[in-house]
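By written order: A, B, C and D. Residues from 1 in each chain.
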Amino acid sequence: MTQSIDTSSYSAITEAIQAEAQRVLGDGTVTAVIGYAAARRKGSAQPIVISQADDAARLIFTPACVNNLAVYLTKAKKEIPRNGRIGIVVKGCDLKALVGLMGESQLKRENLYLIGIPCSGVLASTIQPDTELTADTLASKCRECDAHQPTGCDFVPPQLPVAPELEKKYQAEISRLEALTPAERWAYWKEQFAKCIKCYACRQVCPFCFCEQCLCDRNKPQMVETTPRPAGNTAWHIVRAMHLAGRCAGCAECERVCPMDIPLNLLNRKMAKELKELFDYEAGFEVNDKGPLTMFTEKDDQSFIK
Amino acid sequence: MSRIGVFICHCGENISRTVDVERVAREVGLLPGVSFSTDYKYMCSDPGQNLLKNAIQEQKLTHIVVAACSPRMHEKTFRKAVEAAGLNPFLCEMANIREHCSWVHENKEEATVKAVEIVGMMVERIKKNRILPGITVPVTKRSLVIGGGIAGIQAALDIADCGHEVILVEREPSIGGHMAQLSETFPTLDCSQCIMTPKMVDVANHPKITLHTFSEVELVEGYIGNFQVTIKKKARSVDEDKCTGCGVCMTKCPQKKIPNKFDQNIGLRTAIYVPFPQAVPNTPVIDRANCTWFKTGKCGVCQKVCGPGAVDFEQEDRLIVEAVGAIVVATGFDLYTIDEKPKGSAIKGYGEFGHGKIPDVIDGMTFERLASASGPTGGKILRPSDGKEPKQIVFIQCIGSRAREKGISYCSKVCCMYTAKHTMLYHHKVHDGQAYVFFMDARTPGKSYDEFWRRSIEEEEAVYIRGMVSRLYQKGDKIVVMGSDIAVGVQVEIEADMVVLATAIQPQKGADTLAQKLGISYDKYHFYSEAHAKLRPVECATAGIYLAGACQGPKDIPETVSQASAAAAKVMTLFSKDQLEREPIVARVREAGCVGCFACKKVCAYGAIEEKEIRDRQGNLIKTVAYVNPGVCAGCGTCQATCPSKCVELDGYTDEQIVAMIEAL
Amino acid sequence: MHPEKTSHTFEPKVIAFVCTWCTYAGADLAGTSRMQYPSNVRVLKFPCTGRIDPVFILKAFQQGADGVLVSGCHPGDCHYIAGNFHARRRFAVFRKLLEFVGVDLNRLQFSWVSAAEGGKWVEVVTDLTERVRAMGPMTEFKELALEEQWSGVIDTPELKEAFSQI
Amino acid sequence: MTNDLKYSYYPGCSLHASAGEYDLSTRELFRHLGIGLTEIPDWFCCGATPAHNVDELLSLSLCAKNLELADSIEGDVAVACAACFSRLKTAQHILGENDVKRKQVEQALDAPLKLDGNVKHLLEILAKDLGLERLAASVNKPLTGLKVACYYGCLLTRPTDVPNLDCAEAPTIMEKIIEAVGAETVAWTHRLECCGANFTLSRPGVVIQLTNAILDAAKAAGADCIMVGCPLCHGNLDIRQKEIEKVYSTSYDLPVFYLTQLVGLSVGLSPENLGLGAMIVSPFPLLTEKKLMETSLLDNQVSLPGIR
């Protein structure tokens, strides 16, 4: 018998979001709200941008609301009004991305109206959207989420999230890999990276891949081979993990969108773990003037340096 | 297509002994792009350089690789030669086949193979080298000196004497700083005012010095050679141009009982005042917080008695903007107080000394004012509490200094000497008195310093007790000082009439705020950081800003004056040319790709990276990007390694050049 | 090509990324002091370790390096105030990443070598060269470069047949 | 009055002997304030203060074992005696940072250490856990007009990083409590001086000298009485007072109260329940003079038995 996860609060949360969106659109606080709406397939959800108070009723929150909407504030801005404050519906994990983006001068807090969701979890990407949320169907990231209740938002519905203690799959997998020999790990990742077709969906969906020109697309000089061959794939994923170190807060969108099912977020979470151990830094909890790799202390660890 | 010329040097036999130079020249000559390749006995000699120059002309070479010694040795030489032959100097690179090859390997085959590869790497690199025009920055030959103590005065006079304009800004109503407060100075015991006031007058009379007292630096913009400084002239309530300095206003002012900060608050002054009689400028200031007119709207006596009509109650703060090319920071020090410190302060007060609540426990500067002939007691050592002459006096050293548990770990450097001086001044004025000094060590390096300290013990009868004081408390009209004499190993209790604390030297309050305005760095105590502790002790890491005096760390007067003159010399070096020339190894931003995350700005230790707004023709903001100020950039390249999309690039060390070298392997 | 050099069957390729002010000068000192060390190392000069991008290390391995050395000024000695402090953090993280994807960290050495430490330069370079020599060639990246597969493996009989007909 | 505060109580040896009135007044006061106090079962000596000079392992083990016993009772550990407080805190501090010693003690006790319990002096409980406001609210006989010299001694606040009761150099916690119950405090010089503590038997000469300085300073500051939170200080200041007066040919006549006795008076507990009769320097003339006790009671009270 798998443990079911109580999502009874989601309908009340939906109502609260709708009411709040209607209010802030109606009184002109915001010019648009980015949120989730029901999609065609039963139980599924998709991102939506609404700019009319009347449309607020379309907003929902269900276990199928998996997307990190932060990306609509940086890269996918086509439908977003250029002026005024923008409302956005955020889960705790999405909020961490916004916090990071604020620290990197990509967003300004005063331009946003944050509607936080006391989220108990969403479905894994491999599960059909109208499935019941249980310990089995829960997304891996939600199993070890430390931000069920978003903080610092402008509005959060009063419902409280549930957060049962579950086995932490990412942590377990990281520990498993760490225990292997370098050669075994290389074999593991070689197999994983070999699958990559360089579709760059991971890059497209990542809130932090906001560079206008990616280093990996450059050809003078070519830092990373662009063809989807194992050498270039490996280089791409290493560079991606390095560039996200200290920034990625684990929304795991990269992994969700990967058509080849490469466990991409493992790399990011491993980096996050190292940064916590090395510099006691955790991304996404507060807007920091400097990230862990743009600052230093004189007492940083240098045991690895001869 | 580039036409690369490669020149292999024998360095006598230094290279050719272990490297087959002919073979290197031959093999390298086959590399694509290499049009000319040769070897020569001594490339750095005149004939060698001529060989290079001629080859450039005759072979129409576009890029040059000289394979010889370390570029640290002769890069400049060959770049000059290349420039003389009409090429941009940055189209010449050196391949180090001596220090990194022939000298460290014995096997000729191995060394030759390595040399070919080293040269090959440089050939690939130079294909990606670009013409780098030299960078010149215009220099405004005026300077700003912040702080009118002895450091600022000395620096201002030195610069002005060289014929350049100086703007001297002082926060207080008069220049002079702490040195003007001192009674006598070690190790010669000459009167501080006697040596100080002439310099103050020189400043006032110098045609090249513009003095702004009662003023503060509000804003600093720009960079080396081109700073714009906004100075706030606080309302003095007295027109400096009209005032003759007759002083009638001060004699008539009815508010006469205001503690005078210059006298460490033991002397009194009026509401309209100059801090001390020899003040420069000799123009009074109205202390608006204590003036009856400003408090009640009545009185106005000073205005009525002022002949020239200089008193102006309506005066307001004024902002003036000055363009300068260099800035000397000489903001000096402040003294540690033993009061209870605010909550959260890393620095703790002295609870064991009653947090400074006993009136006859004073600090060294207060003792200076008591001993000064122009001080509040006319030079008599008298207790602040009852005006009696203290017959037993205890000096305690290292109050705050060298006390990690109190939050300060450094030595304040001057206290040992001035305490020795105090015991002498005391002995000269109170013949039947006894001075005791509690000390940890006596630190007296310096010309005639140790002799001076010995004299205080041997001739002036001061009793030095090695050990610290654990507690002092008031008992009747005495202060009981409890301490230990660790040399003998006993507890000591002295019933003193007065206790003088040698409190630590700290940076001025607000030193951090000023540093932020200037864009210079400071340590955890807020002392300003020099660019290099040993080799660049008067320069800040921020180009064009120099340090003088105790704002950088505790210093005595001779050291302060030396550093002030050194800072002035650095300013003069900058001013010696109309244009500042510098190597064009600086970072540049590719604005098209920059997304303005400013990671580069965060890692730049020089503050060279600014935010730049890009707007369309209608003035709408398109985006904000990074901009590297080439006058400030030092060329370390940390920004480029940090930039995720490599939109900032360090000329001379571009990714293309480096990757070309890696790929050549 | 190396006829008299039969003592070693494998000559590793070692690439050193060094800063110009400390380690490059330290290597120069080793030269002027006529110290001897293996000739396997190739030195790339940077203004500062702060300029050294982790991608260069990756690139070096891809280009066939068997060992990589990154070396700069001791903490507090940086010519550019703090470049080496930034580098220290960057590489502390990057080496953990390489370790996690399965690169043996014995092939990657970091060191502080000052301009006065010619002897330390020799020691660091010799140690790394000999260690890498004992480990044998770095095959991982080279093998990757030779592989052509992209989206999967040709493991079914149908695919194999189709592939053989190409 | 009830509240949710609960503590395990470590009285310490002195409170079963010379300082019986401290124990009595503590229990009475806490009962009156509704603070739960459960004596640690089978507690034993903390080793104060000589053990650590003789055998560090023993002194640490004694404290560690007592803390383990205290762990069985809900709530933080309440300690009345400053010396016990100091020893327990010191043991926690040392064992918390020194793994080698920790292992030794674990071996000695043959059990893993339980050091997490909060050790609190009564002062801390009254001033912080109960809070000055609630304390002031329970006062019904304010000690108006009584000038108290608060005496901390050495062990309550020092060394700097260990007890963390209050600022080591300028503590105010005693003053705050006694002002909350309506008394006046005097600013005086010897609040933190050493009284000689347990040299009282081995080097009485030293104790007489040190304690005299304290009494002298308190008197000079205009105090009517002294308040302490330590049975050792109390012993020296109270029991030796007559002897000191004789040696120095002076007269102090300063009653030395435990903090629980003064606070107990203010909340209306009877002198009998506070063990005031056990004090060597009788407080009754002072208390009647200040109108803090009925004159009519005086005759009866003087003959009260001291320690039960």
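Definition applied: a contact is a pair of C-beta atoms (placed from the backbone, for glycine too) under 8 Å apart; a residue touches a chain by one contact, two chains touch by 3 or more.
As the structure is a computational prediction, the values presented were derived from the model and not from experiment.
Looking at which of A-C and A-B shares more C-beta pairs in contact, the answer is the pair A-C.
In whole angstrom, the spacing between the mean C-alpha positions of subunit A and subunit C is 34. Our note on geometry: subunit A versus subunit B, Cα centroid distance of 46 Å, whole angstroms. Mean C-alpha positions place subunit B and subunit C at a centre distance of 40 Å. Annotation: 67 Å between the Cα-based centres of subunit C and subunit D. Residue positions 54, 59, 82, 86, 90 of subunit C are each in touch with at least two other chains. The multi-chain contact residues of subunit A, meaning those touching 2 or more other chains, are 215, 223, 293-295.
Listed by chain label, the pairs that touch are A-B, A-C, B-C, B-D. Of all residues in subunit B, only 592-599, 602-603, 624, 642, 644-647, 655-656, 659-660 touch subunit A in the complex they form. Interface residues of subunit A facing subunit B in the complex, by the touch rule stated above, are 104-106, 210-215, 218, 220-223, 243, 289-291, 293-295. For subunit A in complex with subunit C, the residues that touch the partner chain are 177-178, 182-190, 194-197, 215, 223-224, 227-231, 234-235, 237-239, 241-242, 245-246, 260, 267, 270-271, 274-275, 278-279, 292-298, 300-302, 304-306.
Chain contact summary for the complex, subunit B toward subunit C: residues 70-72, 96, 98-101, 103-107, 109-111, 113-114, 117-118, 121, 521, 531, 541, 585, 603, 605-606, 634-638, 640-642, 650, 653, 655, 658-659, 661-663, 665. The part of subunit B that touches subunit D in the complex is made up of residues 340, 348, 350-352, 355, 405, 471, 473-475, 480.
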